[in-house]
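The following pair of complexes shares a single chain, chain A, combined with chain B in the former and chain C in the latter.
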Partner chain A sequence: MAEDREILREVWDGRVAVCVQLASEDCNTLSAPDPYYLMVPRLSYFPLVTDKVRKHFLRFITTELNDAEMWLESDGTPLKWHYPVGVLFDLHCGGASLPWNLTAHFSHFPEQELIKCSSREVVESHFLSSLKEADGLKHRGQIITNMQSKDHKQLWMGLCNDKFDQFWAINRKLMDSTPEEGFKHIPFRLHLPCQPPIQRLIRPLTDDGRKVTLGDLLQEFLPDSSNEGDRVVIQGIEAPRETPLQWLSEHLSHPDNFLHICYIPTQMS
Partner chain B sequence: MGTISYEEFTGSCLEFLKLSQELRDGWEAKGDALQEGNFYLMKLERIEDVLRDCPPPREKCDSDKDGNTKDNIGTIDIMEDCEELCLEDPSAIDNTCSKTIITYEYHITYSISYSVPVLYFNAYNHSGKLLTLQEMWRRVSPQHSEQILHQKWESLTQQEHPVLGRPFYQLHPCNTAKLMTEFSKGRKDLAPVKGLTYMISWLSTFGQVVGLKLPILYFQCQ
Partner chain C sequence: MEGEKEKTATSQENASETQENQEQENKHTSAKQKIDVLLKATGDAPIMKKKKWAVEGEKPVGWVAEFIRRYLKLEASDSLFVYVNQSFAPSPDQIIRNLYECFGSDGKLVLHYCKTQAWG
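After this line comes the complex of A and B, so read on.
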């Protein structure tokens, strides 16, 4: 059970400031709609929090596009909705200038780049499959398999409805481990700009019982790249490289139980 | 039990590949086997669609009206096939009833999280358009459809390809290890299934769910 409960709450409450404009090619009216401003939870997924954005733009697009799937783009790059909001923010915007300016599109869905998201069920299925995968790495899947589907539902509803207590009542079981051993492997994804995320196996302890740190992980999976000014961002903060991975996994993971690490090389900062 | 390491995976793939080349079955290796998480096998296959719900080929021979960017694999070929169907099919009584060709792209990658192979695939219709998730569910083979569709959201969905980083349909690997353990139980010596046998057993099971057939010669050549 994670001791630092306050940190869990702070992470849960993290928000990013977003400003969405309608793509000009989808605007069917003489005057463009006002941009839509919103604070979006870092831990959520865009399809769960953009209903109001869609409604706001609906009367400005042609009726043909009324049922089209809305997709978001940041500075020319379609946003992978299946990544948590905070990860996308840290990768694409990094707080260089706020709010984060996005463009909403209703046509030309880039099916080569984006997974389709026709309903909330798609998001739910994606979320649950990440949870299963993470538990597979941590506990050989034994904890999640032994949960009832109502527990899975509670995790999902807790995320959807921004209910910290509801979510963590179940999630604490997925964060369970003995202090001596920790998880079997640490579920993580290492995100770099313009490439698929790196996912490998890493244990929280070395053979001689030393705690494996964030720095160890980077050294192992990005041995060739290390420049002054490269930023390593987790949940929007630059974690010290000597932080143990087990601790990071328990406290700074996303609801999908993965530790999403954004590596921003210095020339792109 | 039922799992394999990345090294075992790449080794089995390379053995499988040799067999595929002998049988001219069309599999190719992609990426670097020595680099963890980088290696996979790929195969393109044109299959006559099992369903007849595609619109008449003649209409759809125009370029994609939505202006979607084309996949760079074989779209031109698909268009040419389409024209052949339209103009030169003397045996067709009625164009609206003629079957269409679906191009499947199968990938075999390794799942770090589950320590098993995973089957990713995409399917394109004759105009090069990606089939939707609903269309993929409808094409699951009849003998598996009940099992898969009973829990379709946990069985077959779009995911991000671990090497290419773009959308592919995937048969979820979470039950693979358990299934592969069952294969071991079928053996007299109860030894765990490994190597080429593992690959062939695995692929024949998962592939047939989504229309991928393994010629019988694979089984005879082990």
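After this line comes the complex of A and C, so read on.
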């Protein structure tokens, strides 16, 4: 268990270095503002950590845009705020060059590509919904429904305030399983560049009791995935394909309890 | 497989005939295949006369929500919530196929909709 806790802690402490610049079309002053640098937790969501960025840029944009929603773009791609930061980073940057350069926009919100995020409450309800969905897959939803709303709140506040102990005191209940059976299904999302993620049912054990691995998952849902050089990244780590899914789900899931797997074809990286 | 895909695509209204075949195929739908979605009202939401619709698997939940809004002639100011399993609200960009594969049963995906928040 001690070793497990260290892994969970390492994952929790994962950060990405981000440099945000104001979109030139939204800049209303003669000289562009300095870029804003910040270290963002991989497990967080951008709207939870970009209040300061917004404030920094506000005095450089026209007053008509003061109430506009700020959205971020990475090299031409609008970033979906409802994906965890680490997933966006692994998909769109991969750490080839750091910091990760982003552009902040206050106009031309891409309605077709992004969901509006008017407040932190929107992020909270998205987060809770994902938790319920994940527990639906893991335990038929029995654990999350039997929790009290203060437990839900504690999970959310733990994430918002970067409090590992507060979060895991509750989250460990959602990770409950027996070694013989594991979760009913492994909640995962398989992300690929430029297409919706793939989400399917997969059990952690085969009928004859063999542990199902990351490689099995890719084989089943992404049969063309054996090109040499393609990378499979979870939490910034290229996980060995023989890693059991149950272990990955317990240790490398995001706080929403989904295992977010990024598949980066070789020509993209 | 090719032929069957086309058949399903053209006979969207009679999708129930192909339902059993779909199930036997281990629920793996091909990309173009339509998915039967059953729309159920909950709370004070008006019911829909036709409840079962064949929806392209790649369509996002937001598209279905917009379809319901238009069908029920909701005002722009009216809220509409869509739920799966009577427990969670999928994000608007989640595609129907993902939900069907994970939460569908008996060859269809049941979505509950309501005008006020029903489940969490």
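We take it that the second predicted complex is superposed on the first by the 265 of 269 C-alpha atoms of A that agree within 3 Å, B and C clash if a C-alpha of one lies under 4 Å from a C-alpha of the other, contacts with A are read in each partner's own complex, and residues count from 1 in each chain.
Note that a contact is a pair of C-beta atoms (placed from the backbone, for glycine too) under 8 Å apart; a residue touches a chain by one contact, two chains touch by 3 or more.
Note that this is a predicted model, so its numbers are computed, not measured.
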When chain B and chain C are modelled together on chain A, clash or fit: clash
Touched partner set for A:108, first chain B, second chain C, both or neither: first
Contacts of A:211 with chain B and chain C, given as first, second, both or neither: neither
When both partners are placed on the shared chain, which of chain B and chain C touches more of chain A: B
Contacts of A:124 with chain B and chain C, given as first, second, both or neither: first
First (chain B), second (chain C), both or neither touched by A:15: neither
Partner chain(s) touched by A:184 [first = chain B, second = chain C, both, neither]: neither
Segment of chain B intruding into chain C (one of 61-69, 79-87 or 205-213): 205-213
Contact residues common to both interfaces of chain A (with chain B and with chain C): 80, 82, 115, 125-126, 128-129, 132-133, 136-137, 141, 196-201
In the complex with chain C, residue positions of chain A that touch it: 80, 82, 115, 125-126, 128-130, 132-133, 136-137, 141, 145, 152, 185, 196-201
Parts of chain B lying in touch with chain A, wherever the complex brings them together: 36-37, 66-69, 71, 112-114, 130, 132-133, 153-154, 157-167, 172, 174
Residues of chain A touching chain B in the complex: 80, 82, 107-116, 118, 121-122, 124-126, 128-129, 132-134, 136-137, 141, 187, 195-201
For the chain C and chain A complex, residues of the former touching the latter: 58, 60, 62, 84-85, 87-95, 98-99, 101-103, 119-120
